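Going by the order they are written in, the chains are A, B, C and D; count residues from 1 in each one.
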Amino acid sequence: MVGDPGPYLLLATILFVIGAFGVISRRGAITILMSIELMLNSANLALVAVSRFLPAAGQGAGIPDGQVIGFLVLAIAAAEVAVGLAIVIAMFRLRESVDVDLARLLRW
Amino acid sequence: MDLFLVVATIVKVALVVVVVISAVPVLTWVERRGSAFMQLRLGPNRVGPLGLLQPLADGIKFMFKEDIVPPFVYRPFYVAAPAIAFVAALLAFAVIPFGGTLMIDGREIPLVILDLDVGVLFLLAASGMGVFGIILAGWASNNKYSMLGGLRSSAQMISYELSLGLALVSVLIYAGTLRPTEIVEQQIGGTWNVFPLFVGFVILLVSAFAETNRLPFDLPEAETELVAGYHTEYSSMKFSMFFMAEYINMITGSALVTTLFLGGYALPFQRSVFEGWLGLEGNLLAVLQLASFTLKVGFFMWLYVWVRWTLPRFRFDQLMRLGWKILIPLALVHVVWASLLVMWGVPA
Amino acid sequence: MLTYLWLIPLAPLAGFVLVGGLGMAGKLREPWVQRLAVLASAASFVLAVFVIADFAGGVDDYRALAEAQPSKYEVSAPGEPARFEVTPLRWMPVGDITLRGWDGDGVRQVAFSVDWTFAIDTLTAIMLLVVSGIGTLIHLYSIGYMAGEERQFRFFAYLNLFMAMMLTLVLAGNLAVLFVGWEGVGLCSYLLIGYYYRQVFDKESGLTCADAGRKAFLTNRIGDFGFLLGMLLLLLTFGTWDFSELATAINGSSAFWYGSLLLTGIGVLLFFGATGKSAQVPLYVWLPDAMAGPTPVSALIHAATMVTAGVYMLARMSALYWHSPGAMFVVAVIGCLTALLAATMGMAQYDIKKVLAYSTVSQLGFMMLGAGVGAFVAAIFHLVTHAFFKACLFLGSGSVIARCGHTNDMRLYGGLRRWMPVTYWTFLVSTLAIAGLFPLSGFMSKDEILARSLFSFRGSPVLWAFGTLAAGMTSFYMFRAVYMTFHGENRSPEHVREQLRESPTVMTSVLIILALGAASIGLLGVPAGVSRLFGVGDINWFEKVLHPVVAARGVVAAPAEGHGGEHVASAGETHHAGDAGVAEHAAETPVPPGGYLVEGAQHPSWSAEAGLFVLAFAVFFTGLGLARWAYAGPQPRAEALAPRLRFVRRLLHRKWFVDELYDRLVIRPYYALSDFFSAVDQRIVDGAVNMTAATTELSGQVLKLFGTGVVRHYALWFLAGAVLLVWMMMR
Amino acid sequence: MTALAAVAIGVVSLQWVVLLVIAAVAIAGALVVVLHRSPVVGAMGLVTNLLCVAGIYVLLNAYFFAALQVIIYAGAVVVLITFVIMLLNLRPEARGGPGLVPIGLAVLLGLALIVVLGRPLLEFSAPTAEAVAPEFGSVRQVGEALFTEYFYPFLAVSLALLSAMVGAVLLAKRHLED
């Protein structure tokens, strides 16, 4: 039993960084969405890992809070993907491609 | 690690896998004979007495057919797809209890591979993964029909997964636990869930049928329209794996229904008749329970076949409408019904 | 009758309101304007006479009334010189003020409120008579002078307002009311100087009358600034502005106050105000230009009344000045310097009114000299006599100007004796008086000042010498003016010469009255020394009446060797000492314990007195002779001398280039400073504001670069921010 | 194989080895998502990553959450993504990434983040490493916490989900008609 969340958190960090890198470096909207999912997932991992090793009310280590928050993050992630994909579809309708750089309407 | 426990588990896994896989040829035989019987024709009777060896022949045929791998396919996913589908289907059996507890040289062995606290959820997860198999198959074979077939079947599975989940939820609320063994124990003690939650039973049954892409929901493979759906490009062994995956899904579905609604391995009037009057317990009881479980699953398997050869195929929009506009609202109502029951304190 | 004291200034004020109001509305025709104005002025004169008559009878019968209504009336204590105060109005109830404790009593809160009080004592009585008497005469005279002017109600209204303000100033019971009068007269002088606001006054400098008015007002204001500071300092030390309370406070702890730097400072500041008002050296430049106004104005305001306000103020604050020898020394020096400087300038002027203006400045210098050496009585007496003969001179010049086609230039006059005998004789009598011929008033007052400046402890031979020189110059330029105007051939152009004739009787009658006054008034205050020369006892009524009011008290009152204390020391301190000629300056008499020998003069020996008397005659005749030599006769020799004295003449004519000096020293730097500050404001203040705008715009430009519109760039900055945040948190 | 040998020696517990393996697979999955040009392959990479993380949850005794993760994330979200990918029939991205600057910066930032977070995280040590609390990871415990302590967030999330559904339908539907 690995005693403390150190390694888990490190893994979470690495995943987060990969996700962030994906968001920045890729041009495809879908890939960006997936990278975001990756980041959210790593956040969940960190949450659960830490809550697992915190001292519980009774004896032993582990409190449910991490998982509950994780659950909420999951729900939000799902909502985010739903809306994100809707936007991607709308964009696709307009631009015939999901290349993010084409969405430059904000630039004057 | 407790060596005894490890060995017992391995044995159980081996047992289940062998039984389930061997059940598939039997099922094909039953299907062919059943459909023939229903259509007042004979069905395969050349190979072995009453055509019993026909499935064997098919198996051998599948084994030795040339495994053509079209060049334009995306090889990794093309190869992985059937495996995923097959494994996902089998995985579900890990949590289904098919018997009581055996007593072997003083050690109890519960007749379930993995008695998980979140057993039912595991089952849902496993069936969820099945979808990927189909999607990847459709995509990897790189042709329009298989792609569309894959899309359609995954769309169908997703929507019916919803109603399946809701039906499950109502049972869980009623039972108050996600552990399959506990659900069965409750039903042994009390009445089978099928009686108080009959509507849930029907919804689950219909969703299970849809999940397996079996007629009347077998639109993806509808020969007339989409050639052979997602597995058009597959041949020989891979095709047979899809074929077997389908049948295993059928078994899993019926096992799920029996466990949740028909008391799983519970013998009818077990407490009063068998334990009470006959005074049975221990291994004998477990074996009897195993038998009852198999019988119930068999009945549902026959039901699959029966339904397949009687009901006409749904149009895709009818299919979707049934899924979204009828089953899901009904399931929601049923969830409310189940919680009301719990509120009134109906369950034992 | 005394209780109606406060009505005196009210009469001319009412006159102003009536004449001004109705005149503006166009209801008054010319004769009624004049009648109303004169009536108002005469009313104040009559009221003044009655009040003074009652006052002369002593104030004791009002003591009961004073006890009954202490807040309204106040009477001086029996021993004190007679003084009656009436407070018709509580003007500014200020409440508590904190005193700085400079008077040794520590910081304390004192209730202070400024009341509108009028007070009368002998000094005020004299001034009242002078102001209202001469004022009324000049009102009469200006009827003739202003005849035919349209819209002249404006002139008479301002004149009445001036009378009201001057009377307020004179009757003031405390510094606040005095300051109101002080500013009021300043305002009226501005209004009256600028009466002919369109005419160009001085051809050479292009100065219009309005500019002259502004110049007068500004210079006065600068002086008033000093005066105001002095007033405030007084308030902060004594907590009161009331003259009687001030006198009692200072005399009360006079040992503490004698020679204190604070009192000297206040004295100098007040005197600075006086220099502005009475045209002394630093701030006299406005008086010659004030001649832009009509001549009666010059006569009334710039000769008789307003300019004397400074001297009156010094006399009123005599208690303060007695206790600060430093301040008195400043007054004396400035007075003597002004007398000399103005006299020199007077000699080189061709404009008759400018000559008289400079002579006024010079005579005022004499008065200041008198006050400076402690001869307050002599200063006031010279003020009175000067009022008479200077008014007569101005009005005489006025009638000459009126007749000679309104030109002031003496070079166009000459030989007017034949056409204007009355003007000539009155002018001549006044000139004799001002030049200091023996029996006339000028001699009596001016020589008393010169004598005191020599023999008084505060005086010094240097002051006396310069004073005498100035007196000599006075007689020279006065006779120069007489000869150039009335003697020799007439140099005015043809059309002027035909209609040359005597002024109307209303003007000449006033001239005659003033001339008689100038001649006889001297007898009221014959100085002790002179009367002794003729073996007659001390008949100096003026000294006897006025001395108690302005006498020094407390430590400063010097009982010269046994001659009694501070009671009325008779003027005739006979003292037989050494040989004739200028009595050498007696060795500084040792200061008695607690006493400072200041007030009493050394007792000049009979021979010294005789010497002075003879010297006065000598000075008079030298001035006369020189003027006669230079200017009398058909062809004035002065023109012949002109080339050789060209430089001196130009210097004096250009008034020692003082105006140019001021321009360079004060006005130019002021403009430079304001230019500098405007530049500062432009560059720094506006700069700062523009800077902020510029930075915002710049930052806008920079941030614009981040808005690339590319989602990934936003993500990049987003992540960078996140990393930074995490780093900060984890640190 | 070396890992198994290590276990045998007993130097490193089985747990530790399993964790390492799963972590490696997870990171590989993540890299596939980020680097691969074809979105479908990326999606499959994401699935593997999610399953690995679910495995780690099991290691952390958070069974309920593992099941949730698989059902919601892998089962629904990624399927939806794949579904859309296929619907839009996206071609693999053209080569030629976004140019060096963003990538360089991104790598830099990534490394910075790892360095910043890495060191303290490794040192982070929970006070006690003793056995897991009895109820930890069970549906009852999480359910109870969810509906008592975190009830309002639960409501908020449900609202969020509702609005997301409506939004998604509105955005997508309008275009599908034409």
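Everything that follows uses one rule, which is that contacts are C-beta pairs under 8 Å (C-beta built on N, C-alpha and C of every residue); 3 or more make two chains touch, one makes a residue touch a chain.
Since this is a predicted model, take the numbers as computed values, not measurements.
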| item | value |
| --- | --- |
| Each chain counted as touching chain B and chain D at once | none |
| Nearest-to-centre chain - CA centroid comparison | A |
| Winner on C-beta contact pairs when A-D is weighed against A-C | A-D |
| CA centroid of chain B to CA centroid of chain C, Å | 126 |
| Centre-to-centre distance between chain D and chain A (centres being mean Cα positions), rounded to whole Å | 7 |
| Chain A-chain C separation of Cα centroids, rounded to whole Å | 95 |
| Approximate Å spacing (C-alpha centroids) for the pair chain A, chain B | 33 |
| For chain D, residues that touch 2 or more chains besides their own | 64, 68, 76, 87, 98, 102, 105-106, 109, 113, 117, 137 |
| Overlap residues in chain A, where contacts from two or more other chains coincide | 20, 24-27, 101 |
| Residue list for chain B, restricted to those that touch at least two other chains | none |
| Chain-level touch network, classified as line, ring, star, complete or other | other |
| Each pair of chains that touches, named by its two labels | A-C, A-D, B-D, C-D |
| In the complex, chain D residues that touch chain C | 98, 102, 105-106, 109, 112-113, 116-117, 120 |
| Partner chain C, residues of chain A touching it in the complex | 20, 23-27, 32, 100-101, 103-107 |
| Touch list for chain D against partner chain B, complex | 40-41, 44, 47, 63-64, 67-68, 70-71, 74-76, 79, 82-83, 86-87, 137-139 |
| Contacting residues of chain D [partner chain A, same complex] | 13, 15-16, 19, 23, 26-27, 30-31, 33-34, 39, 42-43, 46, 49-50, 53, 56-57, 59-62, 64-65, 68-69, 72-73, 76-78, 80-81, 84-85, 87-88, 90, 93, 97-98, 102-103, 105-107, 109-111, 113-114, 117-118, 121-134, 136-137, 141-142, 144-146, 149-150, 153-154, 157-158, 160-161, 163-165, 167-172, 174-175 |
| Touching residues on chain B, where the partner in the complex is chain D | 77, 116-118, 121-122, 124-125, 128-129, 131-132, 135-136, 138-139, 147, 150-151, 154-155, 158, 161, 178 |
